[in-house]
Each structure stands twice: as structure tokens, then as C-alpha cells.
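Same chain, two partners: chain A is paired with chain B first, then with chain C.
The block that comes next holds the complex of A and B.
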């Protein structure tokens, strides 16, 4: 079966007088319904890898394929469309817009994709927020929500356009242990009940083991991959 | 000036208690404040004095326990739709280009929302012009992570202003930046304000920043916060960094500093 997302021999080097290699010769395939934790020490290239997998950055060498399609030759606009339609992002900081309610923050990416009528979008956004225990928070503004609630809104927003894959970069970095565990509960249910795939970068080993597969990076290389499919 | 213009934002005898009747924390008490339409106001005070609470009250994000909050002639009973905001953390979406980030509010705020797709070209031209005024021409297609912290905050200001809000709320917007970048952004913000004359409330702990930018500086007491002094800054505009080292400017900063020190000691 064609993997959802695939990196083949991906290297990313920042040019300059002293070139810096962020990740080196990464080969990784992520299938449907996989929950993958990317771990490793600070500066090991975890976030750089996530940016490459998320089509936010382009490799210096190697290729990134999404659903079998090579992304190398695609224009910035085509990449943006792929991201919008197939991928969802969660970061350490929630990036919710302060001027807008939780519901409006969800509607933003949905309107952008412009696939459905307003009423249908709204119903879907409300359903997502309810699903995440945010029924009472829908019409509240980010400043009126707790840190854990804001981050749940951010996850709901990542799912707004029904992506095949969610990429999360230290999504629990600003949360206490209870909220962090709650976030991983949410990820687990997305995988088990909704068949989404999730790649989550985390430095917390207790959380990482909850993923079905662990990929460990050191100095920009994969040193361990518990779920590597034999070639 | 009509009353609603002279008191475009008015807090009248406002108190706010967090955490329920009787108990909890009294964040502000007996807070009186008036800001005219088109005025640039700064709010300073000791840590924990309720500066951020004041922001929430003025935008309707937190309801007053006592007293009244009036904006644009109406008592505030819920979150306002006429406000742009920028905080210390830039909220630019990492997966959107700078241009697409600036366009965001137009996709959701009326009167732009309903015609956004039809008028997209016009909005893009407006966003590009706004980005140019803050020195970000040529960076429209970059992602936030490809910009420096100062550039991200410039783009955040554009995003907060693109839908031409009547009121701009800034809560420590430059606190995470280094001193040189921060001073550059004072000039950028001043230029934007002089051109557009929106009403602005800047919450800051940087007294030079307050004096450089504001028409009036309101000093708050220690918790429970109230305004203990309002100082008009009549220095000519545009103000530049050189002016911030002139005796008159430094004198004002010293006065404010002394007033805050008193407020801290009284706590």
C-alpha cells in the first residue's frame, strides 16, 4: 500500500560559510492510522524533520512524497493546497488568534478551503469542539480559556479540514502533566476511532511510549525506528 | 469633542474580582480611566497591578464585577468586535505565509468576509501596502519561521490592523525582543499610528516605550489596581530615539519611575 507520507534519503543543510546539516539521510514511511513519536535530544533535528514532512521546508537532497506524489517539483501554491487539504498542524504555542472565539478560530482554515456551505462548516466546527469537551468554550476567546483548553482548540483546528495526517511539534510543551496526558488521550482516540495518522515530536519519554511507534533522532539521523517496514 | 469621542474608552469605578463572591482575588478596584478617540494611551505599573486585567475589561473579555466599561458610546456587555490585538507571543500561523497571515482577519470579519473571495486582489494589494509600511516588502511569501522575531512582530501588527479596527490593544508586544529591535519597532508603530490614528491602548512595563509612543501614560497602583496618575506627554511627533535621551523625556521617565516605586512600596 502506498504510504501516506514518505521521506526518501532526505537531508536538509542550511547554506552559509559553515553549512549546518539539520537532518541527514532520513528515510521514513508513515502509513494510515499510525501514531508515531519522534524523540531525541535538543538540536537533534526533530522539528526540522517535522517541517520537512509538513511540506513547510524543502529538502536539500532526497524526496518527500505525499500519497505517492513527489512534492519536489510543486509550486509554493500547490504545496500550500496540499498542506491545507491533507495535513493538520499543532505546535507548542497554540497560535489561536486573540480577537476571535474558539469557534471562529476553527472556521478560519475551513473557510479558506472553501469546500462547503457556511452552515455545514459551522456544524462541523461545533461537532469537533464538542467532541473535545469544548462545548462551553465555543464562544469564548483564547484569553478566557485555560492553557489546556487552548491547546485542545488548536488540535480541533488542526482537524478542521479533515486531514489524513496531523503533525505536532512539542504540543504538550506548555502543559502540566495532567493536560499533557489528556492531549495524548486525544491523539490516541484520533488514531483508534478515526483512523488518522499522527506524528508527534516530544522530548517526554513517558508520553512517547504511548505512541505505537517511536523514531529516535541523534545528530539529525534516525538511530532507532521501532516500526520501520522492511524494504 | 463629543462625549463619546472624548471618552471613547471609559472605565468608571470598575472593580473585578477573580474567583467568586467574597473570596478570590480583587484584581482591580475603583478603576477610572478615559481615553479619547484616536488617542495613544499607555498603561504602566508594578507587576501584578492588573494591567492585563484592564485589557480584558476594555475589550469585554472579562466582565466588571462593579462599575461600567464604555466603548464607543456603548456599555460593554461582551467581547467587542472592533478590536485588533497583538501580544508578546506573535500568533502568526506557522503554516501560512506572511501575506496569508495578514489576510486572516479579512476572512472572518464583516464587512470583508462575505466578499473576501471576490475582492481578494484588492485585499492582497492592501495587505502588501501595509507590509511595505512596516518594512516587510519582499517578505510576503516567507513563512513566520523564516522571519526574525522583530519581523514577526511587524507582521503581527499588520495582521492586527488590516481590518481597520477602531481600537488596537497591545499587551507587552515587544517584550520578547532585544533592545535594538524593540526601539526600531517603536518607530514602526508610531508611523502606523500617525498615519491611521486608531485608538490604541499599550500595556507595557517599559517606561521609555510608554513615553516614546503615548499621548497619555496611566500609572496603576499595586493590586488591587487603580489609576493613580495620568501623565500627558506633550512631546512633539514624530518622536525619535534621539529625543528619548533629551532631558525633558528622561525627566518624564524618572517621574513615572518614582511614582511606580511609591506604588510598590505602598503595597
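The block that comes next holds the complex of A and C.
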């Protein structure tokens, strides 16, 4: 079966007087319904790998494939389209748009993708927020919400266009342990109940073990992958 | 449902009202001053041109040639090494030959009214006072269609010229200098030596000092007797329905008949060229105001882009394209421009109103009946100012918008984390 997301020999080097290699020769395949935790010390290239997998960055060498499709030759517009229709992002900081209410923050990517009529989009956005216990927060602006609520809105937004894969970069970095555990509960239910795939970058080993598969990076290389299919 | 980039742009602007208001005001002031100053300048110019067109004929045919006629010796030996010196002009009766034929031809042209005249100087005497004046011989019936002298007559009427033997209408300044009034009899003596008695039947006040102080009107025939130039006409004055036809018509007449023919544009060329310079100054000043407003927009959109880099990264991660981002920020600039143009029209309206309230204590003289600014009410400054403001705003926004679109989301996310 074609993996959902695949990296083949991916290397990313920042050009400069002293070129810095962020990740080196990464080969990784993520299938449907997988919950992957990427761990490693600071500066090991966890986030860089996530941006490459999320098509926010392009590799210097190697290729990233989505559902078997090579993304190397795609235009910026085509990559943007894949991002909004197939992928969802959650960052360490909530990254909600401050001028828009929680509901509108969900509706923005949905309207941009325009996959359904406005009424259907709105209904789905409300349903998502209700599911995350945010029924009362829909019409509030991010500044009026608590940190945990903001991060839940951010996760709901990542799911707005019903993506196949959610990529989360230290989503619990700014949360206390209760909220952080709640966030992982949420991820687990997404995987078990909805068959989504999730890749979470985290430096918290207690949370990482809750994922079905751990990938450990050191100095931009994979040193351990519990779920790698033997070649 | 608004297009997405537009709704994002409007939300950015409406959620940061103070900043938006400042930039809109900047543009509005630029547009408003443009409208106000345009009204002021154009008002004065239009009034001035109207006065010139009103008082003077649109085209004047004179009894002279633009270039002196060549000497017979030169004509006979064309190209020869002939030099003729000390030749005096031939004694000839000056005047437009076949003036009646020309008048008939002119009056057949559509939209053309023509009046003949004989102008000459004479010494007017009343008691012990004497004043040199220009005596214009006119035909009242034709004059009425060409000049506006009739509306400036403050005592008597043009018809009284015909009703009274040797009637004369004098400028108000002339009457004052002579110490004569309507009904008085004055004496006129021409350079030819002829002398006639005139009865003042009217007084004219045009507001133009040179006319009021130095011109008098008599019947054409009377003028011809006074100047001892029977049947001579030395000027044909033409009035047109369409003043813009003056210059082409003047050139046609000169080409056809040879007499020096001046349009009002040619006669007032010095003033009109002054207007060109005046306009250039006005547009430079106002252009500078609008330019400053455009820089204001540039700086504000730049600041917004700078503050919004994180939002730009988010939008990109959500699958918004570079085009979407660029549209958002360009729309913000254009929206500021449009709002500024609209508010600027109101500001301009206010400036015009305020200028209209200004009264000068001691006016009189040239601008009769106006104690304040003369303001032109035209549509084009509103359109031109508005269009420039929107265009300048779009350009001012486009530069930071392009920078915003090109931002690499990864770098921003890394920086924020």
C-alpha cells in the first residue's frame, strides 16, 4: 500500500558562509492511522523535519512524496493546495489569527479550500469546536481565551479541512501537564476513532511514549525508529 | 459573501482603527487640498479668461500685415543682390480693403457674428479740460452681437447713439476726467484736424481701467467723418458661439485675406502662458502633498506587514498562496486609498466652503462684484485627486505586499518558537 507521506533520502542544508545541515538523509514512511512521535534533543532537526514533511520547506536533496505523488516538481501554488486540503498544522505557540474569532479562525482555511458550501462549512466548524469543548468560545477572540483553549482551537483549525495527516510542532510546549495530557488524549482519539495520521514533535518523553511509534533524531539523523518496516 | 482576501484585509483594517484612521486622514488631506487648490486656481483662471473673452472680441481683423510688404525692387529682382535703403512707406489710405465683402462672407459662416469698426484717437475737450481718447466707431446693431458693451452702460443706451445726432458714449473714468456727464456737449478733434461736437448720451463702466478711462463710442459713420476717412473700416471684430474655434478661424481668415488676424488666445498669450506656469506650480505642490500621503500609506502598510509576519506564516501553513497574501495587503492599501479619496472629497468640499467664506475688505477694481475668492466647481479634481490617491495607495501597498508574500513561513515559525 502506498504510504500517506514518504521522505526519501531527505537532506536540508541552509546555505551561507558556513552551511548548516538541519537534517541529513532522512528516509521515513508514514501510513494511514499512524501516531508518530518525533523526539530528540534541541537542535536535532525535529522541527525542520516536520516543515519538510509539511511542505512548508523544500529539501536540498531527496524527495518528499504525498500519497505517492512526488512534490519536488510542484509549484508553490500546488504545494499550498496540498497543505490546505491534505495537511493540518499545529504549532508550539497557538498561532491563531488575533483579528478573527475562534470560529472564523476555523472558517478561514475552509473558505480558502472552498470544498463545501458556506452553510456546510459553518456547521462543520461549529461541530469541531463543540467536540473540543469550545462551544462557548466560538465567538470569542483569541485574546479572550485561555492558553489551553487557544491550543485546542488551533488543533480544531488543523482539522478544519479534514486532512489526512496532522503535523504538530511541540503542541504542548506552552501547556501545563494537565492540558498537555488532554491534548494527547485528543490526538489518540483522532487516530483511533477517525483513522487520521499524526506526527507530533515533542521533547517530553512521557508524552512521546503514548504515540504508537517513536522516531528519535540526533544531529539531523534518525537514530531510532520503533515502527520502521524492515527493508 | 466577500472574497476571502478582501474580508481578511477589511478585518485587519477594522480591528486596528486608529492606525487605519491616521492613514485614511493622510490621504484625505492630500486629496482635499488638491480639490480646494484646484478650485481656487481654476476659478481665478476661468474667471479671468471669461473676462477676457467677454470684454474683448474673440477674433480681431486689423488693417495691417503680419510682415511688411516687400519693396517693389526686391520683388522685381527676386534672389538678386538688391539692397534698398531709406525707403519711406508709400502714402496710402490705411484700412481694410473690401471690408464689406469680408463682413458678408463672415456672416455666412455658422456661429460667427462680426462687426466693423474704425478706431482712431481724438482729443476730447469740455470747457477747459481736454483728454486724449480712443474713439471707436461702431454699428450698434452689429456691435450688440459682438461686444458686451451694452450691459456695461450705466447711463443711457446703445440706441441713443442713433437717436441723437453726434451722440457719444464715454467711459466713466473719461467722463470724470472731463468733468462732463450725460447730456453735456463736448468737442472732439482728430489728428486730421477735423473737429465735431458730441453730445454725451451714455456712460459705460466695464471695470477695465484702460477702457473706462480712455475710450468713447460713436457711430461708425461719425467716426469716419471725424477721422476724415470716408468708408474706411480698420478693424473687424468677431464673436463666436464656440470660443475654441477662434484660433483656427483667425488662421483661415489670415490665409484667405492676408490681414493680420488675432484670436483672443494670441492677444492674451502672455497671460495664458502665465497660467501654464501657474498650473505647473499648483500641480507640483499638490502632487507633493499626495506623494507624502502615499509615503504615509507605504509606511503604514510596511508596519502592518512587519507586525503581521506571524499571521502571514500561519496563513501560508493553512494553504494560502503567495498571491492570496499579496492580495490581502494590496487590498488594504487600496481600501485606505478609496476611503481617503471619498473622505478627501468631503474635505475638499469643506475647504471650498471655507474659502468661499473669505471676504476681502477692499476689492473693487478688476474683480467687480466679487469680494472673495472665485472658486471653480468642477468634477475633474475630485476624479483626478481620487484616482491618483487610489493609484498611489495601490503602488505604496504593492511593495510591502510583495515582500509579505515572499516571506518564508519556516523562518518566521522558527523565529517565533
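As a working rule, the second predicted complex is superposed on the first by the 231 of 231 C-alpha atoms of A that agree within 3 Å, B and C clash if a C-alpha of one lies under 4 Å from a C-alpha of the other, contacts with A are read in each partner's own complex, and residues count from 1 in each chain.
Rule of thumb we're sticking to: contacts are C-beta pairs under 8 Å (C-beta built on N, C-alpha and C of every residue); 3 or more make two chains touch, one makes a residue touch a chain.
Here the structure is a predicted model, which is why all the values come from computation and not from measurement.
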Room on chain A for both chain B and chain C (clash or fit): clash
Which superposed partner A:144 touches (first chain B, second chain C, both, neither): first
Chain B versus chain C as contact partner of A:196, first or second or both or neither: neither
Touched partner set for A:216, first chain B, second chain C, both or neither: neither
Residue contacts on chain A - larger count, chain B or chain C: C
A:95 touches, of chain B and chain C: first, second, both or neither? both
Interface residues of chain A shared between complexes with chain B and chain C: 51, 54, 56, 76, 80, 83, 87, 89, 91, 93, 95-100, 108, 111-112
Chain C partner contacts - residues on chain A that touch it in the complex: 47-48, 51, 54, 56-57, 76-77, 80-85, 87, 89, 91-93, 95-100, 108-109, 111-113, 118, 157, 161, 169-170, 173
Touching residues (chain side chain B, partner chain A) in the complex: 56, 61-62, 79, 83-85, 87, 89, 91-97, 100, 104-105, 107-108, 113, 117, 141, 143, 145, 160, 165
Chain A contact footprint on chain C (complex, rising order): 1, 4, 8, 11-12, 15, 310-311, 313-324, 408-410, 413-414, 416-417
Footprint of chain B on chain A - complex, ascending: 51, 54, 56, 76, 80, 83, 87, 89, 91, 93, 95-101, 104, 107-108, 111-112, 114, 141, 143-144
